[in-house]
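Residue numbering begins at 1 within each chain, and the chains themselves are lettered A, B, C, D and E in the order written.
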């Protein structure tokens, strides 16, 4: 089943066109990887999906259907609640871990202490952080290590109870261990969430994703099962990219 | 050759820094020296705890408790009015305006800092004091409140320029993350920007308090200059206005003259204590 | 729901703040403009004060020039000292405690009543150093007054310089002083200039520090650093204090504000240009 | 130059002190400089140098300070020299240029204005000491409104005179408004209907009709009553010089004390001493 | 011939040990690539070579010989003059292009206008930028595109006349075209300079380098001819890394 349907999407900033006529459907409860050289429009694509692009001074035309309804017909807040996002650089809010995780739930009206505690616990567990930092819930989140911060940001995104999770190069600043942790977590998540991940690391895309989309210069060149793309790409440019001709 | 140049540069920097620090220390010593002969005659405790000020009378009548209280009171009133307004305005500047707009507005607000205090005093006297007299039929509009309001206007540019830059930084750093969670902008302001700006708000308080407690002319013109224990709607007196008012007339070298320096010294001590206290509060906040 | 209410309260609060600040700014500028515009004309700006008592007729030209000179000296002095102190604390000072002491001294300075600075300037400069009641003495005193203000802001600017760029400079094998002088200071130039303009405005509006050190009721345009000068805020002080002419007083205040406005516009333009360049 | 031995010619003369007197001297100085421009026009013996006379205003106390410390050639005072000051200054020359009276003045809209134009010294004392708190204490027919007493700073020259000549040992009420300058005091009287204060005679003349001076003990403050001493609340306007005058200083002071000087002093609203 | 000889190098920040007992010799006029997972100490290694590490609050023990002399026996300035460095993020100074390129030469005492002009021209040509921006020498350097900025930074590093050029992930922010440009340039350079490049892009390392060093967790695992490392690595960890097991 397709949770997101993207039809003839054009996006850009001011006069600058970035995405050109992208159409693709995102499968529910699968991991979709977006690959492509730097500057090709991967981040722009992600931010279009939850309308964050508007915050960055960009705009888009074309149709994006979330659960078969135009995302423009949702409230901005509610589309972002449903489609969560995690950025490349982990930036926890400068509060305690606990407060980072209750920030969104409180906004969505949850006030009971017990319920909040529960949310914190569940999401930390989901992100595989609970055992590591269980005792220090009131420690400043900015004191966590890079990988922990990134996982915390993912946990924080989960607190808004999204159905889709967008990840923009979540591992680029991390070391092996943390990358492994996060990859395991993402694989676990795909039971409950739909995940779209941008990565410049082809090996990573190969390891974890079900589908892979290759974007070049704002155009969607190829979108296929990951296996297929990495073994037998149709487009020659995809082949070249995967073989490392481009960066 | 390059080494010598490097050495000369270092030397000049160090010397000039030393000069500025010495200059400042010098001023403190200067004030202390001028107050010393007064403190030899009137014990400092008595000076700050007595309630009479009559320079024409005996040394017994030289004490400034009501004036110290008036100084603090007026500045507090100023801060209490200016802080919420200044912080609120900074929030708007940092989160709701474009970069260019912000720069223009900040420039205009900064001009407020350059308007001579005499002018503030005059506007205060002719508009604010008059307004109190007519509107609320006070016998006189000169009051701590009037002084506080005028001070709050003078403090505004300091508060705004201290806060809005830091708030802007927090905003730029976290707004994306917060937006991505689907929460509203005002929620972010309340739960992220304001709490994160505690430190800069504190810095603004330090700066504004210093400015407020040292302000002379403007306060002098609207506060009535009566050395009473301060009450919000009554006249009062502040240390700088006392000094400005009487310094010109005081006989040089007289006890009165030195008493004025002594009150300046006390003001400085109060400020230093406040600064140190806030410095520690700041350290706490950092944790 | 509760969060929605809190959101609305916040919105109301900040709206009120904006209204209040704009009202205050408009009112103060408007008030001075309304009362002062009547006495402003070319003659007022370009001629000497006249009449008995002096100032009741004529203009304020020497006071404008005097004030500009005082500001210039104050800014130059305060700038040199402030930039050195800032460079020292940011790039050379290794001990956090020393930094704390420096900050404490500087902040305490910011609150000393200006009249006491005036007396200090009088005692040190006029009396002991025998500089006389002069442009120089007044400028130095004002410089001391604005020093803390400039220092705090320049230090802030220097600390905000991108560390990457500084490292790129070190990687070229150039020295610290060359990096500071050729790279960091030019990068901060616009910010520094705008800080100085602002502080200059503050210096230009201060009467108390110059009463004993520089200002006189009438003087022609100063010929040297050792001449006494007329100054706008002092002129204002005499005009209002002795009730000589309120109309001229407002005119003087308006001229002062216009000068500040011009200074600020220049500094804003400088700032914008720089950001535009980036 | 045919200067006396040991005395260097100075083309600059500086004044500092009372802000009451400063505009007067400044006006005279401007006149003097405009008339002669260079010293040799004042006296052919003097060198051909531009005349510069600078007048500054830091208050009477600052005037004495400046004269004492030699940072100004002359000090200006709007009060008598105190004994201690005389002692410190040592050898001095003083010039009394005029007299400024302190008039007990009120706002023209004050109802008191309609029923009487006179207060006894005793009444003035009671008003300023706070014994009369409301206007109906002064006269039953007046409204029950608080009297707003405006004075100058307690340590200042003007208040010193008022204290001595009117109040005696009685203290002025504590909550009196201390105006930072004569201008501010007069402004307050003009702005507040219930205010009463001691406005300078010069200021009354400059603001005729905007504030009303009252008779005290039946004596109206006029040039005559002030000069002949029947109106008692007055203070001298003095210029002091530590040591003796140089020739060029004398040349200017001659002009100040001449009829021309008196005219200007009169124009400013003060009473010249002939 | 070995221009740099590194013996038993340990480096770290405060208590944190990063590099552990690294010994290797760098060949003159060759391109050496440093690869390894994030956080393994690649940047630390580079910054140790020109003592920039001291600026970042780090320290090292062990011996580094530059032209057979200990780098500690050179002045800090002069070792940095000889061993230039270019960072991941392009850092042009916010001046004109011309001034960026004369910044170091003026420091080294060159004052004649003609000579400076010459330096600007030569180095821009070296960096393949001259034709592109010849006319706009007095344009602000920050207005250049990312790739141009990076090439300018390389040109700027050349103005100090280094013999060794350290490059820390110089292409990670760039797109294909710019990457190609820079790679061509580096290949051209290897005639005159010794180049050490850190890259997370294995394909890039393969394309341009003569030697490759693989660092893992601060240890030098393998250092060999590039061909050899990519076809027939000795250590199994190297093999795993190259095959994309780690990030």
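As a working rule, a contact is a pair of C-beta atoms (placed from the backbone, for glycine too) under 8 Å apart; a residue touches a chain by one contact, two chains touch by 3 or more.
Chain labels with UniProt names: A, E = Phosphate ABC transporter ATP-binding protein, PhoT family; B = Phosphate transport system permease protein; C = Phosphate transport system permease protein PstA.
What you are looking at is a predicted structure, and each value in this text was computed from that prediction instead of being measured.
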item	value
Where chain B and chain D overlap in contact partners, by chain label	C
Graph distance between chain B and chain C, where chains that touch are linked	1
Chain pair with the most C-beta contacts	B-C
Centroid-based (C-alpha) most distant chain relative to chain B	E
Whole-Å separation of chain centres (CA-atom averages), chain C against chain D	34
Chain A and chain E: spacing of chain centres that average the CA atoms, whole Å	33
Centre-of-Cα separation between chain C and chain A, whole angstrom	50
Length of the line joining the C-alpha centres of chain A and chain B, rounded to whole Å	49
Residues of chain C touching at least two other chains	3, 175, 178, 240
Multi-chain contact sites of chain A, meaning residues that touch two or more partners	106-107
For chain D, residues that touch 2 or more chains besides their own	19, 58, 62, 180, 184, 187
Touch list for chain B against partner chain D, complex	53-56, 125-126, 129-130, 133, 139-140, 142, 217, 220-221, 224-228, 234-235, 237, 241, 244-254, 256-257
Residue ranges of chain E touching chain C (in the complex, touch as defined)	50, 52, 55-56, 77-82, 84-85, 87, 89, 91, 93-95, 103-104, 106-107, 140, 142-143, 153, 156-157, 159-160
Chain B partner contacts - residues on chain C that touch it in the complex	3, 6-7, 10-11, 13-14, 16-18, 20-21, 24-25, 28, 31-32, 80-82, 84-85, 87-89, 92, 100, 102-117, 119-120, 123-124, 144, 147, 151-152, 175-178, 180-181, 198, 201-202, 204-208, 232-233, 236-237, 240, 249, 253, 256-257, 260-261, 264-265, 267-268, 271-272, 275
Chain D - residues contacting chain C, complex	14, 16, 19-20, 22-24, 26-27, 29-30, 52, 54-58, 62, 69, 71-72, 180-184, 186-187, 203, 206-207, 264, 267-268
Contact footprint of chain D on chain C as seen in their complex	50, 52-55, 122, 126-127, 132-133, 211-212, 215-219, 227-228, 238, 240-244
